[in-house]
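Presented below are the structures under discussion, each in the form of structure tokens.
In what comes next, chain A is part of two complexes: it sits with chain B in the first one and with chain C in the second one.
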Partner chain A sequence: MTDTLQIRPEAAAAPKPAIPLPTAAARAVTAAGAVLTAASAFLSWTYSSQFPGDLTLSGYPGGLQWITFTGGLLTLVYLLVGYGTPGLRGLAPGGAEGTTVILAVGAAASTWFTLIAISVELGGLANLTTGGWVAGIASLLAVVGALGLPRDGQHPQGHRLGALLYPGKRPELAPAKRLAPAFEVGIVLLTLAAALGVFAYGVDTSYAELFAGFLILAGFAAWALNRSGDFARLGEIMQRHRVLATVGAFVAAGLFPFTQTSSNAEANANLGVSILIFAATALGLNIVVGLAGLLDLGYVAFLGVGAYTAALVSGAAGTAFNVQFPFWAAALLGAVVSGIFGVLLGAPTLRVRGDYLAIVTLGFGEIFRIVVQNLDGTSGPNVTNGAIGISNVPDLNIFGFDFGSAHSFGPFDIGRFANYFELMLIFTAIIVLVFARSANSRIGRAWVAIREDETAATAMGINGFRFKLLAFALGATLAGLAGTVFVHVNYSIVPDTFQFAGPTPPNSAFLLAAVVIGGMGTVSGPLVGASLFFLLQAKLSFLHDYQLLLFGITLILFMRFRPEGIIPNRRRQLEFHESQTEDGQEGPTPELRTAEA
Partner chain B sequence: MTDTTTATVDNAPAPGTPLLQASNVVMRFGGLTAVNDVSLTVNTGEIIGLIGPNGAGKTTFFNCLTGLYVPTEGTVTYKGATLPPKPHKVTQAGMARTFQNIRLFHNMTVLENVLVGRHTRTKEGLISAILRGPGYRREEADSRAKAMEYLDFVGLANKAGTLARNLPYGEQRKLEVARALASEPGLLLLDEPTAGMNPQETRATEELVFAVRDRGIAVLVIEHDMRFIFNLCDRVAVLVQGQKLVEGDAATVQGDERVVAAYLGTPYEGNADSTTPEENQ
Partner chain C sequence: MHELPQNLVNGLLLGATYGLIAVGYTIVYGIVQLINFAHGEIFMTGAFGALSVYLGLGSGTSMWIAIPLMLLGAIVTSTVIAVLTERLAYRPLRNAPRLAPLITAIGVSITLQQLVWGFYPSAKSPRVFPSLPGGPFHVGGVLIQSADIFVVVAAVLSTLFLAYFVRTTRTGRAMQATAQDPDTAKLMGINTDRVIVIAFALGAGFAGIAGVAWGLRYGEIKFDMGFLTGLYAFTAAVLGGIGNIYGAMLGGLVLGLVQNLTAIYIADIPGMSQFSSQSWSSVWAFVILILVLMVRPQGLLGERVADRA
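== the complex of A and B ==
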């Protein structure tokens, strides 16, 4: 087997599988493993109903068993794709075998995670019933079978064990045929529905074990779909139906509160609106960091400026100004004041470049927090009520629609947080529109030019300082806008929310990480990154202080293996994986050409 | 060597009015005088060469002209008006440049690079970019059409969607010229446009510079390739150790023994310290 790994790539036209099995046998083993894995979800896995989700029932999967079931099913589907099942062939343009390996490993990982969780929480392997063992062994069987399948990816040389288990890099995709327009529209809608379903399920996971199991499988499934080329194909189709995809995505997001019918619907809607606020703020930061290339480490201060401005004019008791603005005026004021602060901070700081700017913005972020803390009546004038903050911020009431109380729409009860979710969704749509349009314009090109080479940009007639200041101000304005909703959702506001780093978002470090991990310079990247981080933080709260450790490990792994982020900017993808195009063919990938057109 | 293009030079439009006038430009960095009392005039329709040994101060002088440096002494005027000491305002005024070490926006496409060059000739701001009114759409479409025209001019129209970093070296140089032309300059400053090029590419660059001049744009070019410079230029100025040694047509410069001395060394051993060659004479 080690011989295979040393063969030059051109000689290794058909690399041997990691486990030498006849292909037919490998298929049979994988199929049996996958089917058994899925079926085992219907067995009882443990004796005690103390483990959350109640896995004691036979005949109906509960909690984590659904995860195993889905994992088994997905493995089976891609196995059938690789077998050439009619109707499924188009599902894996980048090769089904590598995909099957990833999915089998994902199913096994989530299953074994469940088994280990049961053993640890209930005290020993004795708590597993036969059903649990069947699930564990069947999922491993599927992995063994999948590793015996013929390999279809590009495999690295060396690193014996790694190369053996690595499912291979996706080969270059052949240009896709266009499908019938109606069919493509159907795919777009189906994708959006599936995304909504996965997101709603993830948010609704009511205990940490379920969320962890979900995350494991979702992570492997995302890797698998990337490896299979499905994500690339979907991206092309979405690009062709951009308007439908964008509008559809917002409609799908708007439907999110309606998917939450369980007893924790309000908590989930709260999570949803917090994610939106965090994501919208991250998108504002993306203008500064992703487009203009200015490293801002104090960005959360602008969210704070917007939030404090809105709080001060909200009519909350104990504020310095006893005024109550209508919300539209408060929102505008919050955005404008934040924008002004952006200019005030930017004007002196943007004269320094790179690392120096990062340090200066870090300082300003802290200054904001400490100033707000000291405007308490003893250290300074009482404006913000100091460290105690402003509480009892009243609920919004727009056109007689009371955001504070639940409303029913037919069979759906839409609670307080769901109301704010829909409001914040509109704000997010505005922020997305502003980002997308400014990025794809003369202004956005100037920002990217400054990021790429400031000297050349100024030589092309771009006033570097002015455009950096504009990016700073626009980013601040958008964060301020998000802040005005933030304060109403949370009833109250305290200065300590707006730190550089801390265990809970929003803080500047989390925002920056969401932008970088999500994908700098893209619209959807920071939205995805922010959702992921917020969910991780909210759902894995049992980890306490270890959360930051996990956060750190996530950052390191991402920067090592996917530096361009989850949703790469087409430019950056080429930048980081240059070697692929260099030893392949010169010039851009077909995707790039179509994207530009 | 000069005989190959004398005909072409004769076809050039007659030198017109002074476009760029640098008078008595001095640039000091601390105790080092990089450019010392250099005057140079570029007239409309001219191609002027600037040569000199390494470290003679050519690029520094260039940077003084384009606002990257503010000259310690002396003035630079363009079309009679003193140039503001800010690079972006210089471009706005009508002088565009390329760089000695190519400075493209590597992660932007070829078309986007040229569109950035259109920056000073377009006006639409943030608000109109967000609202996307008819004015914005018209200007954007117009910009794209013009940018494609410049790409066509340098022969890169078929690569509009390629990332600039993926272009071969010679084409990157062409793209820099297209990007500079997109700002609709009256004077184009080229800093070593043929550095690292093979003879064919150099020849193509020569044609490109003539074509630029034929569009009514004056060109000031720094180059080390003597054959290139003497083929191309109406006048050549020689800069040695920060001072202008001689200025004139190709024959004058080639025949000047001080220039030969500056490049090849003086035939006799005089003083070995760093006095200027002029003083050695």
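== the complex of A and C ==
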């Protein structure tokens, strides 16, 4: 038989679209929907300017209308990619149709979220004007059209609604062609700029509705880019230009305060520096939990040890020691003291089985809080000023640079929190460096070996106790280092900050969740997880009473459906889905197969 | 020193409550090697279940009728919640690496706490729990409340029941077999899933009883009372040797004694006078735990077992 007579296997296996439409018609419907969705952003959506962002004006999109506009535009772009538009074809190596579906659904979801928010807040659908209805219907039209496109992914069998609507798993990617080096560098820089832009926009969202809309679209867009294979390709390119990507990421992060020019700049910089402290601490925890596999449930106490140490030697009024160390000395001292506590705690407990460590660290976290609360002069010697805490921690002054006041750099005014943001960024860089260097060294491999199977690791000549203690102490040291900045940023420190679980980060449960949900054992995972968690609790403050409840449910659902986290470590992903491949329910994805090999 | 007997009694009573909760930790850990962090919250929901029954009975009901019904309400509430969490949250993760169910357990713990806080009527502040009539009794200089008698009776009966159940019934022996080697137990025709559910339910039932005991002794219950109490109870289970049912009771008693006695007698050590108040007692409890783990890592009654890879 000749090749021409054979039906290509993938063509035979390709399932029918969820909505049977001729391909051309489906494309036309999707395109019309996407264009109309994007265009509707320029119409007026409501009569009343009471809804935040003022969506009443024609021609001047308000915040949530920009979200809809972006959603429509992205849908259109990937539709054109699927149509084979020259110059765009490389954008979806994993298939553009599934991507288009996800983007269309994302655009519709964020649009309908806005429409529902308007109706609920202003009282009824009557508050929507023609523009609002156009947006709603057009976005649904795009979804209908996208579902009629030919399917290009690996689809589950069956005719259940879920199987029909599922946009398909990304098929195996063909090896990528290398692009011209200059082009690749350009892509790296562009990606970093885009990431900075998205992050800065998310931080700058000034009302909860806008943040929620942003989050919906961002979530769907991230899913879409993963489905399209763009993330995988970008990952390869980033890997080839690792140094540039890393340095560039820090430069981009350093530029963050300069992107904040609105009246909220200081508040946003405050948010930024809090995220950095939280993320850096989570990264330290990732050494303990992600690399060495030791469950530390009282990690925030080490942040507290560093913070209190720095506060005690900062010259703040009301502390037991009336000394003022220069900041470098205070930072070192905080890190060292925290590390010592780590050794003191780890030495007796790391010899026994891993599960005991969880309870001892949980106990330590509580003890730290109680002790600090009791060292107030009445129920103990006065060291930490008890429950009132240490306040008026002076601002830092390094080489004559006063962190407490605003400075001008050309056209930019950099305020107090922005100063600390840049300082914390340096600390974060140190922590990332320590993490990356130790993870890729003999020590890191020993940690992973111990995590996987301590008995086997010991048999291979690894001193389990020593390496576990090293991980534990190193994690404590890094948290202490982050704590020294933490106390200066916040002016003051109180024991109640260091709970196991509370409504605001940092606390041990949030830190652990940031690591686990971000992705254990990776650098970017905890950073992403920490940013996400921090922004969620800071922006969705209207949920105040139910935030912790949602947090708990999120933990359960994440462990159920994506235990490897948002950014999975390859080895871990394999581990978590082992049973599925054995049962034959789900074949290993291509990356896993290469990881296995 | 005249208050020593009183403090011993108080310590043992507190310890008996810890022991009742610790049993739940130890059974579940013995069978699935999971630290069920949500167990403290199961204890808390048991107390709230009992309170609901009491409120539903109307004010005229005699406590002698109310108490058995409250106990039943507590046991049913905590058992149902425990079995549901096992079914929905833990079972899908049966073969996942150990960290995953632990994180789930933390999630369940926070969720249950917040559910009670947010949705139980006026549970945002402590709720008054009914008290037992009669008492207090003076027995040789020791003051005993009627709730204390309830604690003693409940702890003794529960431990005896558990010992009988685990040793002699078919299900109890199946539990022992599953704890020793789940795979072989399965080969022997034991439905391990069922055994695990029973382990969760048993532990939850005891936690429910402990919830009633706690409410009766302290007169009020709170949405977050399960966290620290659960922490101590788990400490007690570790102290006694985790996986060992009698160890859990023993560990509870030891821990209760330590907490009560340190609160009084640390002050007698020269230079330590400031470290003896109630607020330091949890610190001493954990110090004892760390000391025991250093000297006897398997706990007081635990056997040294090889690491299961």
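Criterion: the second predicted complex is superposed on the first by the 561 of 597 C-alpha atoms of A that agree within 3 Å, B and C clash if a C-alpha of one lies under 4 Å from a C-alpha of the other, contacts with A are read in each partner's own complex, and residues count from 1 in each chain.
One rule holds in what follows: contacts are C-beta pairs under 8 Å (C-beta built on N, C-alpha and C of every residue); 3 or more make two chains touch, one makes a residue touch a chain.
Just so you know, these numbers come straight off a predicted model, no measurement behind them.
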Exercise for review: In the overlay, answer first, second, both or neither for which of chain B and chain C A:Ala509 touches.
Suggested key: second
Exercise for review: Check the contacts made with chain A and report whether chain B or chain C touches more of its residues.
Suggested key: C
Check your understanding: Thinking of the overlay built on chain A, is A:Lys177 touched by chain B (first), by chain C (second), by both, or by neither?
Key -> neither
Practice item. For A:Val371, decide between first (touching chain B), second (touching chain C), both and neither. Key: second
Check your understanding: What is the contact status of A:Pro348 with respect to chain B (first) and chain C (second): first, second, both, or neither?
Key -> second
Review point. Regarding the shared-chain residue A:Thr554, is it in contact with chain B (first), chain C (second), both, or neither?
Key: second
Practice item. Mind working out whether A:Gly363 is in touch with chain B, chain C, both or neither, as first, second, both or neither? Key: second
Check your understanding: Where does A:Thr455 make contact in the superposed view: on chain B (first), on chain C (second), on both, or on neither?
Key -> both
Check your understanding: Touching A:Asp545, do we find chain B (first), chain C (second), both, or neither?
Key -> second
Check your understanding: Of the residues on chain A, which ones does chain B touch that chain C also touches?
Key -> 453, 455-456, 575
Revision key, fill the gap. Residue positions on chain B within touch of chain A in the complex are 66, 68, 86-88, 91-92, 96-97, 99, 103-109, 111-112, 115-120, 122, 124-126, 129-130, 132, 136, 140, 143, 160-163, 165-166, 168, 179-180, 183
**Study point:** Residues of chain A that touch chain B when the two form their complex
**Key:** 433-434, 437-438, 441-446, 448-449, 452-453, 455-464, 470, 474, 571-572, 574-575, 581, 586-588, 592-593, 596-597
Point to revise | chain C contact footprint on chain A (complex, rising order) | key: 289, 293, 295, 297, 348-349, 351-356, 358-360, 362-364, 366-367, 370-371, 373-374, 379-381, 453-456, 500-501, 509, 512-513, 516, 520, 545-546, 548-549, 551-556, 559-560, 563, 575-576, 578-579
Exercise for review: Could you please specify the touching residues of chain C with respect to chain A in the complex?
Suggested key: 29, 33, 35, 89, 92-93, 95-104, 106-115, 118, 227-228, 231, 234-235, 238, 242, 274-275, 277, 279-280, 282-283, 286, 289-290, 293-294, 297, 307, 309
